[in-house]
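Chain lettering (A, B, C and D) follows the sequence in which the chains are written, and residue indices restart at 1 in each chain.
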């Protein structure tokens, strides 16, 4: 059994980690950490999880290293940075769900995470990436930085174009739409139900750090070049799930059949990415409701011949494939388990 | 492996059966039946389920008996009645999710299911009931009639009072609130999103057949008598999950502590019923969102001393514990498996 | 022009008062009061209201008496109590939207408003009631206490039985369902969108002070006696609108036709109460979505002959007929304007 | 009084027209037309509108010309085309809410409305456009074609750039997000509440005819050239309201201050367009919930200096400013009334 600990146990990602770890056949939850809610049991913080784990939230100290084989940092980026510094050399695999170590280019990091002092020594040791694209690097990674939820969707959507087909994408315009769970549980008036229900909230209209992350990753991952990559992000009126639309302009010639084949080929053997035709089922896909509570990312590629562009849509559950599920997926790979262990749940729909 | 078949594969309960069966470690899906959508694969009918099962929807004939060990009838009551007549003596265990065989008292059956001709021979062979209350009868049942979703919640809520404490409940007023998935997928204007979203829809304001079912079952199950039991049902503005509120008037003396203890005691050893204190977590419970996509039924009992009544609240996921999950639970019991096999998923929240 | 002021201008009811007053042909908004957000313009607090009124939020002092003819107190009960004490004898009509002066029976007041010290002198001067039932008392009222949102619905639903038909209702069980706007804009984790969306939240399962208010009012308003009146209240997954279901048991003989006639007769000439047959339109009514943003209260009465009870359903927009709209309605009556002045907006549906 | 008729009285736009006309001080509803629901009263078709108008739905014949001064065609495009042919020369002003006469360029019309045969004689007589941009053409228009809901938002968003500043926009990528009411009330499985709630539905991922309409209109309206204009449209999980995001690339130099000023200047004197700063109120704007049930279109322009683009956001209520409200606005202008007559309602929020 892999002994697992969760720091940030009271948040949404923390709760999901607890849920998925306790359902995982080869993992055991042995530590819950946090800076608030000390002494609380999971059931007090997560209404659905009336589990009898014998664990309560504790402050994190170096000693946690003896109690876990893997520690998930579901914490704000500055906290993750500090915890990584404290624990990086003490044994447990660290999987950081924050943005502290996502962006490798120093200037970009400082631009988007001004409050997280970059520690080059540490930062360079973190393996970043969507597991589908860096599977082999994970088998012996000690420090893993998980991509952001949007970044996962965008990257999985674009990779077959750049890494697969080697296209040069001179302009990529990304529009991201997310449910309210993406914003966490801070107490903000704009997130109260009366204001958030029914909203289309342009919360990041001119830029989003997940786009910087994607550009940084694709840039260093070779084949096709990505030129301008801009993003705007919106909160819409559901709770769980996001979709990214990437409007791609390239001077390279493509057609629908070739694109579809390239995507299918690229994700062959990767069960968590489902390449879907737009009209293959009752509702237009991808749609986050068709991946709810699963670790799938549904991807659809469409050649807009008339508009002279490629439209790439990607949908995932921001708390599972965008956070806790992906965290377990990389853990499985790191510990030599089949990638899907504990992650075989099918989408819950309708919900 | 238990070979399982689903009739009514294109409906909501049918889709959930497919989902849960394919996640069940000891079951294998070997048949999909229906009267429409013949030849369709699950993925075409259930957007989330892109499964490669090698199955398509087929008409049901007697021959299905050779292909399944258990057959789930997720069909309208008249269809279930016909299928039961066709298949009752041909081998497979039949689990009927409709109301065709729920009410045993002939007059009551005819009152609430006028379109389902009662066949006394067949009807008397069906075992009815919430598994928590009739566990021992299930071990060799060949024909099983699952309670309605509301009936499950009401019965689990009241049983500790009548069957446990033996109280006489002279008046029980039930108010049921359900999401839109309870109404299925028929095309009705009132169920279109623009009309159903934001609604409090009094769709059964003066009575509901699930209440008749509860009265029928509790009546023949002895200890305390249940006098007047009335029900009204409402559709509210979410998709999945229901709650029943039973406002109970009794002349017997009770207090909060005694009630709480009685409920805990009554459900000891029944992991799918969680007796919860109203304020034990971040949000008031029970609340269907805290059981979403799980097989739990959360029950809370409150003594309203000032009002001279007992308030019993029960929440469940109408598609899981109210339908497909409960169907697998009775199957587990019938086939000698641990009751929770394939049903250990924790609630998905927030969603 | 009637000069109107709003205290509590930053809250939901305060915003709605601003909206309705500025649309009222014979009213002029001349004062905005509050204890926080001093100096803010309405548009900063209410995203929809980009109005150029030349007003900002000010602290309330005695001097406000010179600037308004009517002052709306959309404030917490203790604040309303203090403001009433300050301003009751200084001229402006006070319309209090809080519960400070709703319950007249001293013991009941103290039971439900323990933090609001009862001032008998003041309390006895307040006119309480739904305008439909006390119209004539309003013409020269100086101090008006508006009923609670639930209380308005329950009272309008029951009045034709007790005050109209003179029935003795030995048991009334009320189940109230409300959208999230009923809870205001305080920052509470349970009210964040991820937790409130999809909820059926039993926030007042064993009692609600609005029921006490109804009992108090009906008790002193004569004809039929109301015996036990209990209530439970739930938050459901929309924003605006509530419904109350009153399950009524009486020993008096009634039938559907008589009930329907009695309701129509009772509300003849009262345009804001619409007596509706349950199946008269595309969706079952009453339903709060069919009164959204209007000052209507839709009422339906059903004789449940089989259950031996009467079911009374009432739906209203809790912010309009349950608060700000009703406030203007009583103001119209008080100042001799046609009751519907400024309140003729039809329901917005679908929304 | 202007005598007004509505054809398509049973649909969503039809219902809204009824609602707004009956609230308009200078209009009188004198005709309801349709091809189904003949003989029905408004209240039977629109649950909120229990109005006593003495009108029922009738088939449309030439005789309607004698009964109305203005006739609103809230009908599918082919029906509108036929009705226009029937009635164009018989007197009443026709306001068509469909797409039958929106696109003037013949090839574009045929591309996007293949089922609506173009009648050049008629088509050329229709005045098209958002009233803010063609006000003067409306004063004596006999035939008016209202823009689509999305087209209104996009055009109002872009006009200050092209018509105001005269910028050349070489690439415009539009992402449109709409609630479910935009899809009307046809019975489609994908529009049932269980499937539509929680969705992000990419229903028009590679193109939308409203974009063609915008390009056609801006193209012939001069100053700045618009090059590539592509659009994708999504259904999100609320009912009423839409937002368009236009991601604009231009080689002309701009900055935030200049853009903001240009927008304010361009819409000076146009009360229904509110130029809003992104952070001027409690929630990020524009957001359709902040214009709900009003005739406002909120527009925000943002210079994304880092991304080298301009982001233009526009939000409106698709049933009011995107349909029925705008229909009354053009009618006011046509009949010489103040533009805002009957349209002064402020947004309903929260809802």
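Heads up, the rule we're going with is that a contact is a pair of C-beta atoms (placed from the backbone, for glycine too) under 8 Å apart; a residue touches a chain by one contact, two chains touch by 3 or more.
Because the structure is predicted, anything quoted here is derived from the model rather than measured.
A.B. asks: Going by the contact rule set out at the top, which chains touch both chain B and chain C?
C.D. replies: Expected: A, D.
A.B. asks: Give the pair among A-D, B-C or A-C whose set of contact pairs overlaps with that of B-D by over half, matching residues by number.
C.D. replies: More than half of its contact pairs match B-D, so it is A-C.
A.B. asks: Starting from the mean Cα coordinates of chain A and chain D, work out the distance between those two points in Å.
C.D. replies: Distance between chain centres, rounded to whole Å: 38 Å.
A.B. asks: Return the distance between the CA-based centres of chain A and chain C, expressed in whole Å.
C.D. replies: Comparing mean C-alpha positions, chain C is 46 Å from chain A.
A.B. asks: Centroid from C-alpha atoms only, then distance chain C to chain D, rounded to Å. What do you get?
C.D. replies: Centre separation, chain C to chain D: 36 Å.
A.B. asks: Residues of chain D that touch two or more other chains: which are they?
C.D. replies: Correct list: 12, 47, 179, 181, 189, 194-195, 197-198, 238-240, 282-283, 285, 287, 289, 292, 350-351.
A.B. asks: Along chain C, where are the residues that touch chain B in the complex?
C.D. replies: Chain C residues touching chain B: 171, 173, 175, 177, 179, 189-190, 194-195, 197-203, 205-207, 228, 230, 232, 234, 236-243, 245, 247, 249, 278, 282-289, 292, 300, 302-304, 306-309, 311, 313, 315, 350-351.
A.B. asks: Where on chain A is chain C touching in the complex?
C.D. replies: Going by the criterion above, the answer is residues 12, 47, 179-181, 185, 187-189, 191-198, 238-240.
A.B. asks: Could you please specify the touching residues of chain B with respect to chain A in the complex?
C.D. replies: Listed in rising order, the residues are 12, 15, 19, 22-23, 43-51, 181, 239-240, 274, 276, 280-283, 285, 287, 289-294, 344-351.
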